[in-house]
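Both complexes below contain chain A, partnered by chain B and then by chain C.
The block that comes next holds the complex of A and B.
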């Protein structure tokens, strides 16, 4: 067996081991390679940057745990951006598992051990402020602080349930739900997942249907994102942005080309680019999970490229391109 | 305490799934079956508590005004179960027919617009206009000619010979291969991302080695 044949016959488990090592070591010796945000990610960021407290967005957690490593940082980054700018966010899920993912994202953002956490104020906790007739964002925060509540030093701000966020959750046949929400959000989700009436929420009073919504960001691990285009964008002109897995990214660039979406985050890299922008503008104090993972990604890619080149050298140098099949086990 | 147990369970099953890379083993099989089972169970629980209970069962039980109308979709839905009884299995075709008909009626016009007409419109771009940046000109030419070439490759009513069909289909296959290559590259990135996510969990949440 020649050396070329031995190389091509290498037990694939050695390659798995190498990739494993390449994905662990950079966590301990970060290279700090720069991440340059792409135009399609900047477009989403700038769009949200230009929204105010009078606007509102939808964030769809349209993925399940299988793609959470890619989609979750996108959802978390967009939520952080919206919370920082006090833009009301309606959270939905295309599948039942997506609702759990949304809850996990919120848990991450409100985790007190984090450098960049937000304090979640439950619907019932600020009932007395609503009873005074205060519904505007600045007024709510002012009354909340006047009531003796103080923000921890490492906290970014408050998130008032019903004013800053409404966790609507999952409903089946979500494309029909999108259609229904184009007339009235409350017709599809009379309450949030906690059972709080949507019609009583201040954020609903100004945004009763999808026609009053300024952006829908769908973080998706399946073709669910197309439903937002088909039934949201094409039906009522709802601006839509995608956060899709890397595997899907090439398939959905066409919607950028056609102008049907305002931007797209593709895979972990897209999420890392968004995190870079948040870090740049001071919305976060430390890099997010995607940002940290990109060093590892770069090293793993270099190793894969090296192995592909090595495999091709062995293939051609061994003359296997002239044979009908390789010798050996495989 | 419950969180710690959850993290340990998740860590053990993560290792169980990745143990397949060494060879198939019982822990991998157990992990795989649990993923499918728990996902289905979670889905059923969420659907029951958020859909069936508040939107069907409670309105009917409390006698809400007009709730009897809900019996129609409820009965249609129940007809699916007749699939399990060969004598009346044909009844399950009614909800399927309803869903297919309604789905086509609602979805077809909008899908056609979103996925076909808009894409056609986006392909009809000027190759050159005064003042257009050169990179846009090159991009438009590549896109228009590439789209045409790929379409020629899938045109099977004429033999792929001669300057138009022959050369066109050869360019077309190169364009398609470039597309596949880009997709493959993104797929590699995606798979590595998933591995990174799990390693972050194992080293961070489980072993607390990473912050």
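The block that comes next holds the complex of A and C.
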């Protein structure tokens, strides 16, 4: 057996080991290479940047834990952006597991140990402010602070349940739910997941159907995201943005070109680009998980390219391109 | 009867909602609203069928001690155990589901515990394995055996390098060319495939609505 054949017959466990090392080592020795945001991501960022407290967005956690490494940072980044600008956010999930993903994202954002956390104010906790008839964002915060509540030093701000966020969660046959929400959100979700009436929420009073919504960002690991185009964008003209896994991103450039989506975050890179923009504009103090994860992707991509080149060198140098069959088992 | 009734429902429903989409009248909207409210309720009955069928299949396997019958417990116990804890068991005994978004919301009951500590790690692990298999497959299968395979190989390398910051360090043109490949040649090919699939879906749906394609009946009435 020649050296080239030995090389081609390399036990795949060595490759697994190399990939394992490539995935672990960058966490201990971060590269921190700069990431240049692409036009597709800037478009989403700028769109949200131009929204105000009078607008509202939907964020769909339309993925399962399998793709959370890529999709979760996208959802977290968009939520951070919306919370920082006090844009009301309705959170939904296309699949049953997505609701838990959304909860995990919120837990990350409201984690007090983080540098960039938001203080979550439960619906019941600010009932007295609502009873005074105060429903505008600035008024609520003013009354909340006047009531003696203070913001911790490392906290970015408050998130008022029912004014800044409504966790609607999962419903089966979600494409029908999108269709139904085009008439009334409350017809599909009479309450949020905590059982709080949507009709009583100030954010619902201003945005009763998808027609009153300014953007739907779907973070997805499957073709679920297309439902937002088919039933949201095409039926009622709802602006839609995608946050999809890297392997799926290639499928959805067609929607960018046709103008059916305003932008797209593709894979971990897309999430890292959004995080870079948040960091640039001071919405976060430190880079997010996607930015850190890009170091792993740097090394893993280089390793795979190296392996492909190595495989081709062995293949041609060994003259296997002229033989019909290699001796070894592959 | 077994064939005619389902065929008639599909034909009437299909034509009705094709037309409904283009009629903005109030009656049309009301009909549509009824549909969106009823469809999930009707669909929920499929859950009963699915759970029933799954339970029967796995309980038979256990009874007959069929091959790998032990794994059937891994299906049946969570199938009934998780809803039991989520919906029936009182909260002080580990029951209930995440209801509030404030506080320690994900670690309260068995339902959330199982999600966080079993389902999430299992799925994440399964998907993570892809990286290892992709690397191994790329090493063994990605060969420049022909002109087309060579084009594919170079495109893949450029796109891979263009997707990571280190690619830009190696050459400023990597991200630009990578994006160009994604935005133009990739887009053209995807659009062509998408249109082909779209027309195929349209043709199949028309065939189903008009009863030409009947495989979905599963041989009922034959």
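Note that the second predicted complex is superposed on the first by the 330 of 330 C-alpha atoms of A that agree within 3 Å, B and C clash if a C-alpha of one lies under 4 Å from a C-alpha of the other, contacts with A are read in each partner's own complex, and residues count from 1 in each chain.
Criterion: contacts are C-beta pairs under 8 Å (C-beta built on N, C-alpha and C of every residue); 3 or more make two chains touch, one makes a residue touch a chain.
Just so you know, these numbers come straight off a predicted model, no measurement behind them.
Measured by the number of chain A residues touched, the leading partner among chain B and chain C is C. Within the superposed three-chain model, A:176 lies in touch with chain B and with chain C [touch as defined at top]. In the superposition on chain A, A:165 makes contact with chain C only, while chain B stays out of contact range.
In the overlay built on the shared chain, the residue A:129 is in contact with neither chain B nor chain C. Contacts of A:31 after superposition on the shared chain: chain C is touched, whereas chain B is not.
In the superposed model, A:262 makes contact with neither chain B nor chain C. Using the contact criterion defined above for the overlaid structures, shared-chain residue A:140 touches neither chain B nor chain C, since it reaches no partner. Touch criterion met: A:19 reaches chain B and chain C at once. In the superposition on chain A, contact of A:226 is made with chain B only, not with chain C. In the superposition on chain A, contact is made by A:304 with both chain B and chain C. Overlap of the chain B and chain C interfaces on chain A: residues 16, 19-20, 23, 64-69, 97, 100, 171-172, 176, 179, 193, 246, 249-251, 254, 257, 267, 269, 297, 300-301, 304. Touching chain B in their complex are the following residues of chain A: 13, 16, 19-20, 23-24, 27, 64-70, 72, 95-97, 99-100, 169-172, 175-176, 179, 191, 193, 226, 229-231, 233-235, 245-247, 249-251, 254, 257-260, 266-269, 289, 292-293, 296-297, 300-301, 304.
Of all residues in chain A, only 8, 10, 12, 15-16, 18-20, 23, 31, 33-36, 38, 64-69, 97, 100, 103-104, 106-107, 110, 120-122, 125, 161, 165, 167, 171-173, 176-177, 179-180, 183, 187-188, 193-195, 246, 249-251, 253-254, 256-257, 267, 269, 294, 297-305, 307-308, 310-312, 315-316, 321, 330 touch chain C in the complex they form. The part of chain B that touches chain A in the complex is made up of residues 21-22, 39, 42-43, 46-47, 50-51, 54, 106-107, 110-111, 113-115, 118-119, 121-122, 143, 179, 182-183, 186-190, 192-200, 203, 210.
Contacts from chain C toward chain A in the complex involve residues 29, 32-33, 35-37, 39-40, 43-44, 98-102, 105-106, 112, 115-116, 119-124, 126-128, 131-132, 134-136, 138-140, 142-145, 153, 156-157, 160-161, 163-169, 175, 179, 182-183, 186-187, 190-191, 194.
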